[in-house]
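By letter and in written order, the chains are A, B, C and D; residue numbering begins at 1 in each of them.
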Amino acid sequence: MPTPRRAALHRVPMRHPGDTAAIEHLITTGRLDPSGIVAILGKTEGNGCVNDFTRAYAVQSLTLMLARHMGVEAAARVALVMSGGTEGGLSPHFLVFTVEAGDAPNPAGALAIGTGFTRDFAPEEIGRPAQAEAVATAVHQAMEAAAITEVHYVQVKCPLLTTERIATAGASVATEDTYASMGLSRGASALGVALALGEVDAVLPEDIGRNWKRFSAVASASAGVELERCEVIVLGNSTAWSGDLAIAHAVMQDAIDLPAVHRAMRLAGLPAEDGQLAPAAAERLVAVLAKAEPSSTGRIRGQRHIMWDDSDINATRHARALVGGVIAGAVGRTDIFVSGGAEHQGPDGGGPVAVIARRALPV
Amino acid sequence: MPTPRRAALHRVPMRHPGDTAAIEHLITTGRLDPSGIVAILGKTEGNGCVNDFTRAYAVQSLTLMLARHMGVEAAARVALVMSGGTEGGLSPHFLVFTVEAGDAPNPAGALAIGTGFTRDFAPEEIGRPAQAEAVATAVHQAMEAAAITEVHYVQVKCPLLTTERIATAGASVATEDTYASMGLSRGASALGVALALGEVDAVLPEDIGRNWKRFSAVASASAGVELERCEVIVLGNSTAWSGDLAIAHAVMQDAIDLPAVHRAMRLAGLPAEDGQLAPAAAERLVAVLAKAEPSSTGRIRGQRHIMWDDSDINATRHARALVGGVIAGAVGRTDIFVSGGAEHQGPDGGGPVAVIARRALPV
Amino acid sequence: MPTPRRAALHRVPMRHPGDTAAIEHLITTGRLDPSGIVAILGKTEGNGCVNDFTRAYAVQSLTLMLARHMGVEAAARVALVMSGGTEGGLSPHFLVFTVEAGDAPNPAGALAIGTGFTRDFAPEEIGRPAQAEAVATAVHQAMEAAAITEVHYVQVKCPLLTTERIATAGASVATEDTYASMGLSRGASALGVALALGEVDAVLPEDIGRNWKRFSAVASASAGVELERCEVIVLGNSTAWSGDLAIAHAVMQDAIDLPAVHRAMRLAGLPAEDGQLAPAAAERLVAVLAKAEPSSTGRIRGQRHIMWDDSDINATRHARALVGGVIAGAVGRTDIFVSGGAEHQGPDGGGPVAVIARRALPV
Amino acid sequence: MPTPRRAALHRVPMRHPGDTAAIEHLITTGRLDPSGIVAILGKTEGNGCVNDFTRAYAVQSLTLMLARHMGVEAAARVALVMSGGTEGGLSPHFLVFTVEAGDAPNPAGALAIGTGFTRDFAPEEIGRPAQAEAVATAVHQAMEAAAITEVHYVQVKCPLLTTERIATAGASVATEDTYASMGLSRGASALGVALALGEVDAVLPEDIGRNWKRFSAVASASAGVELERCEVIVLGNSTAWSGDLAIAHAVMQDAIDLPAVHRAMRLAGLPAEDGQLAPAAAERLVAVLAKAEPSSTGRIRGQRHIMWDDSDINATRHARALVGGVIAGAVGRTDIFVSGGAEHQGPDGGGPVAVIARRALPV
C-alpha cells in the first residue's frame, strides 16, 4: 500500500506583485518544504484584464524564487495560477499548495490536489471546443493521479488572444476583440471541466460564450497573457489522503447570494454569528475561492446594475469588488481568492464558492 | 394640539441620471402627492468624484419634473441630495421622502424628517470650521422643526472646490487639490453633525481631515459640484409623528463589519436567515443608507487593501463597491444608498448604516 | 431671386456640461440672434462612451436655455450634437452655427449649412443598412435645402444600444455589447454619408464595422444615449451664400498625419510657421472638426500602440487625446472638435479634418 | 592621447514590459556588444502612477537578460530607467545607450554620455537643497568624465521616502506623504541640474515643489524606491568623442508648443515638410526625449483643460497623451520617450524636448 499523501496550504500576503518574500520566509524558516509545492495561486493587484502584467511579473518572480530553492527544473513543474484584480477590499495574497507524505489516510476524507496541463493552443483554437476537450482530458488526468472522486474546485488558467497573437493565427480566430477573447477562453475552459465531470455531454461551438444554462458548478477559470496552454488544478476530498483539511463548495445563484456562502462554510464545518464566521472558528478557515461575474441581464434580482455600461471600469472589476464584499462580509477577512470572468462557471451572474477549512477537533 | 405628521418613503429605480419617470409615474397615478415631497435622495451612476456630472444632471431633471407638478417655487424647496457612484452591484435609484398629515401619533415612535440649509459658502470656508458650525446650526433647526429627539441619520450634501472656484477665492483655500477638497468638505460637514449632537465639543481646524478619532455615528455627507451651500436632512424617530415606519442604525467598525449591518436590521425589526434578510420580511425593508470609505491605514483587519494605491480607480469607488457588497449580501437587494467619502462619518474605514423598515404587524 | 443666406459660427467655452452661460451671454448682449441658430455642436468632458451623460446633460441645458430665448418649439428645431471626450488637452466648448439673411452671394463660395433628420430607429435597425439608407436620405435633403454642392463635413449624431434598449428589441440586434453598438451605429451613419455622396455604391450588412476600405472622407458620426434617430448637419461651400467664411477639408491617413492637417489649413487659407498656425492668421481660424480612432492593426506606422489592449482607458479616449495633440500642435489652440469613433470615417486609423476660416482680406 | 569614445543608441520595441527579446536579438546577432551598454531607458505601458508595476517588471526582465550576457556584476552597473505610461499613440520601447571605442574625434561635436552618482541621502535630505546640491556635483563629475561642455539632457534617477525610511530619519523629513516625496525628490533633482548648469544660482528650501519659475531646461527626473542616492546620466555633445550622432534640445513653453519641437529638430539637423519630419531625413532621427505635465493653472493658452478634474484618468496620463501627440505629429513616429512628472523640468505645463539624430552626410 502506498504512503498516503497529505495536502497542506499556506496563505501569505504579498506587498506587490513581485514580492515573494513571505513564501521565501516560510521556506528559509523550515515551515515550508519547497520540494512539496505543487501549485501557487496568486491574487495580484492588476486590473485582471488584457493589460494586466502583474500576473506575468508575479509568475517571473515566483519562478526565480522557487528556482533558488528547488532548482530550475523542479520550479518549472509548479503550477502557477495568477488571477489579477483585487478590487474593493480584496487583499493581494498567495495560496501555496503542497503535497507531502502523510500518515494514516483520513477515513472522513481529506483535501487532495491533482494537477494537469494541456498542450499549447494555436490562436484559432482559443475559445473553441478544441480547448474545452483538451481541458477535460487534463482534468481526468489530474483526478486519477490524485485519486479524487469528490471534486469541489477546478482551477483552470488559460490563454487569451492579443492583437499580436491574432496576427500570427493560421485560421480565423474566435474573436478579434482581445478583451472578449478572455471570456471565450475562460468559458471554453469551464465547459471543459463540465465535460470532464459529466455536467454537460458535449461542448458545441455555439455554447461557448452564449448558452449560459450550460456551466460547471466547480470550475474557476482565469485568462492571462503569459501562457499559451491551460493549466488545471483539481481540488477535492479523498479517503486516500491524510490530514485534517477538507474542502466544500456551494453555488452562488447570483452575485449577492450570501446564503450560498454560508452553506459552503457550514459544509466545511464553519459556524457563523450575526452573518459572519464566528470568531472562535476563524482560525480554522484556510482559504476561500470563488468566481464573480456581472449578470448578462444587466440586473440583480430585478434591479439594474451598471457594470456593463460603465466605460471607465471594466465589468469584471465591478463584479470582483461586489462578490468580494459579499464573501468578505461572510468570512470576516479579505484575503479571499475571488476571480472574475465566470463564463460557464456557475449560473449567469453567479458562480462557485469553495471553502477549505481545518476540521474542528472532536470535543 | 397640532395634527401629527407622517413620513413616507418611495424607493424607485432610475434608468439613467436624467430619468425621473418612475417618480412622475407615482405622481400621475395618484400614489405620490407632490406637495408632500420634502427630500429626494438619489444614487446616480457617475464616478462620485470631481467630474461626476450625473448628480447635477439628476438635480436639473428632478427640478424640471417637480416644477411641472408643484410649480417652480415649491420645487425649489425640496432638498435634492444626489450621491454619485454605483460601483459593484449598486443600483441607481431615488428615495423620495414625503411628509403628510398623519392620524394618531405612534407612541412607539415613527419615522420623522427634518430639513435645513446653510448659506452659500465662500471657497475659502470649505473644509474649515466655519462650514462645520453652519452645518451644526442647520441640524438643530431641522431637529426642532421636526420634533426629533432620537436621531439616526443625518444626510448632508456639501460643495467642493474646483479649479475654477479656487481661482475666485478671496483668501487661501483649505486645499488646491480639487479631489481632496471633497473629503475636507465632507469631513467638515460630518463634524458639524457631531457638534450638533454633542459627539464632539468643538471643531478645530486641525481636526478636519486628520483626527479620525472624532466622528459622528449618524452623519452621511456627500460632496457635489452643483451646489455652494450645505443641505441637511435629519432622519429619526419621534413620538409626535404617526405611521408604521421606523429607523434604526448601527456603526460599521470597518468595511466588512457585516454583524453591524445585522444589528441595524435587528433594531429595525428585520430578521435574517443564513446571513440574509429573511424572504418573509423582505417587503418590510424600505431603505438602507450607509457610508463607505477606505481605511486610512491601508489595511482591513490586518490585510492590505489596494484602494489608495490604485491610480486607475479612485479609492472611494473601491470602497462603495466593497461596502455595497457587504450590505447587499445582508439585505438581499442592491438598491441601497451607499455613499462614499466617510471622513469623520463613523470610525476610520467604517461608517454608519441606517435601516428604515415598516414595523411588523403584531401577530 | 431669394435673399442669400449667410452662415456664422460662434465658438465659446463651457465650464461644465450644464454651462450654457457663454452662449446666453452672446444672446443677451445682442451678438447672437437666437432665431438664427440652426445647430450647436458641443465637445463635453465625459468619457465619450456608453455611460457618458455629459452629452444628455448638455442637451438638456441647451434646450432649456434656448427655450427661454426662442420658445420651446423653435428650440426643438435646433440640431444639438454633443460629442463626449476632451482627453489630453482638448477644451470643452460649444460651436454655435447660425444662418441669417446675407447680402450679396460670395462668388468664391461661402460656408453653407444644411440640416436633416431621420425617423427614430428600432433597436434592431441600429448598426445596419437601414440606418445607413435613412442617413443618406437625410444628407440629400440637407444638401438640397442649403444648395450645397461642395460638401466638406457631415456631422451625424446617432443612437446606440443600451442594455435596456436591447431588452425591448423586436428582433435580434446587431450586437449585444453596448459599447460595440456605438461603433456600429457610427459606422452605419458614416456609410450613409458615403452613400449619399457617391463614395460607395451600396451599404451591405457585412461592410459595417468590418470593411474599413469603404469610408466617407467627410463624415463625422458620434453616438449618444440621448436620442433614437440620426441628426445630420452638412457643411460645405455654396456660391448661393454670402459671407467671408469658408470650409476646407483633408483626410488624415493615420492618427499622426500632421501634413494632412496642414493641407486642410492651407486650403482654408491659413499659413503656418514652424509647424503651427502663424500668429498673424490665428484670429481667422474659426473652427476645426476632426475624427479620431485607433488603427485596427494595433500599429501606427509600424510601431505598436496600446490603445486596444488598455483595459483601464477606452481606446477611443486614447485616440482623441492623440489626435487632439496632433491638431492642437498644428493650430495652436485646444478648443477643437475632435470626436472619437471614426468607423468608416476616413481610412482605418485616420479620419477627416475640416477647417473653417475667415478668408484673408485682399491686400 | 586617449582613444576617443563613441556613443551609440539602439531604439527597439517591446511587445510587453517583460519583453527584452529585441535587445537580446541585437546581442546574439552581434550588432550590440553588451559590454558597452551603459544605460537603458524604457517607456513601458503601465499607468505611470503609484501602482505601475510594469517598470519593476521591465527592470527585473532586463536584469535577467543582461546577466545572461554580461554576468550579474556587470549587469548591475547598467543604469536602468523605466518610465511608465504610453498613453495616446506612444509606443512601448527601449533606448539602449552604449559607449565603445571610437576612431577620430568629430570636430563638429558628437553625442557623449557621462554618468555620475551622489552619495546615499539621509531621509531628511530628500526633497531638500542638500539633495539638489549633491546632484549638481554629480552632474559636474559626469560632465568632466565625459568631456561634455554642451549639455542637452540630464536624466536623474532619484530616491523617495518610504515609511521605513521616515522612521529612521534623524530629523524631520520634507513630507510624510510618501507619494508626495516622489515629486519633491524629482523637483530637488531637477533644481540640482539647474544649479550645475547655472540656470539657477542657488536652491532654496521654499523653491522645491513651489516656485515653478525656477527650472532646468534639460533635466528629466524619475523617482524609484530601489535606490538611496541619485544616479545621473548626462547627454551632450563633445568634440572629444567620435561618431555622427548629435543631440539638441529646446524647451516647450506649454504642452502644445510644436514650434519648440521644430526648433529642437532643426538644431539637430532635421528638416520638416508640412509640419512633419521630412521623409527623406526620417531615418536620421534616433531618439526623442521629452517631459510632459498638466499646467497647474488648469488652462492651455487660456482654454480650460480637464486633466486635474478628471477622476477617471490621472492628470499625468492626459499630459503624456497630449505631448506625445504633439511630438509624434512633428517627428512622424510614436516611439518617443515622453515621461510625466516634470516638476522644475521646464516651465509650468511645458518641458524640455531633446532630439538625437545622425548628422546628414555632406553632399
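The rule we apply is simple: a residue touches a chain if its C-beta (ideal position, glycine included) is under 8 Å from a C-beta of that chain, and two chains touch if they have at least 3 such contacts.
Note that the coordinates shown come from a computational prediction; the quantities given were computed from them, not determined experimentally.
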Chain whose Cα centroid lies at the greatest distance from that of chain B: D
Check the residue numbers that chain A and chain D use where they touch, and answer same if over half are used by both copies, otherwise different. same
Could you tell me which of A-C, A-B or B-C has an interface matching B-D, in the sense that over half of the contact pairs are shared by residue number? A-C
Between chain C and chain D, what's the gap in Å when you average each chain's C-alpha atoms? 38
Nearest whole angstrom, what separates the Cα centre of chain A from the Cα centre of chain C? 47
Which chain C residues sit where two or more other chains touch them? 15, 45, 47, 51, 164, 304, 306, 309-310, 312
Per the touch rule, the chain D residues reaching chain A in their complex are 15-18, 45-46, 51, 53-54, 56-57, 60-61, 64, 312
If we count contacts the way the header does, which residues on chain B are in touch with chain D in the complex? 47, 49-52, 162-164, 167, 178-179, 306, 309-312, 314
Which of the residues in chain B end up touching chain A in this complex? 13, 15, 45, 47, 86-93, 255-256, 258-259, 261-263, 272-276, 300-301, 303-307, 309-310, 312-313, 317-319, 321-326, 328-330, 332-335
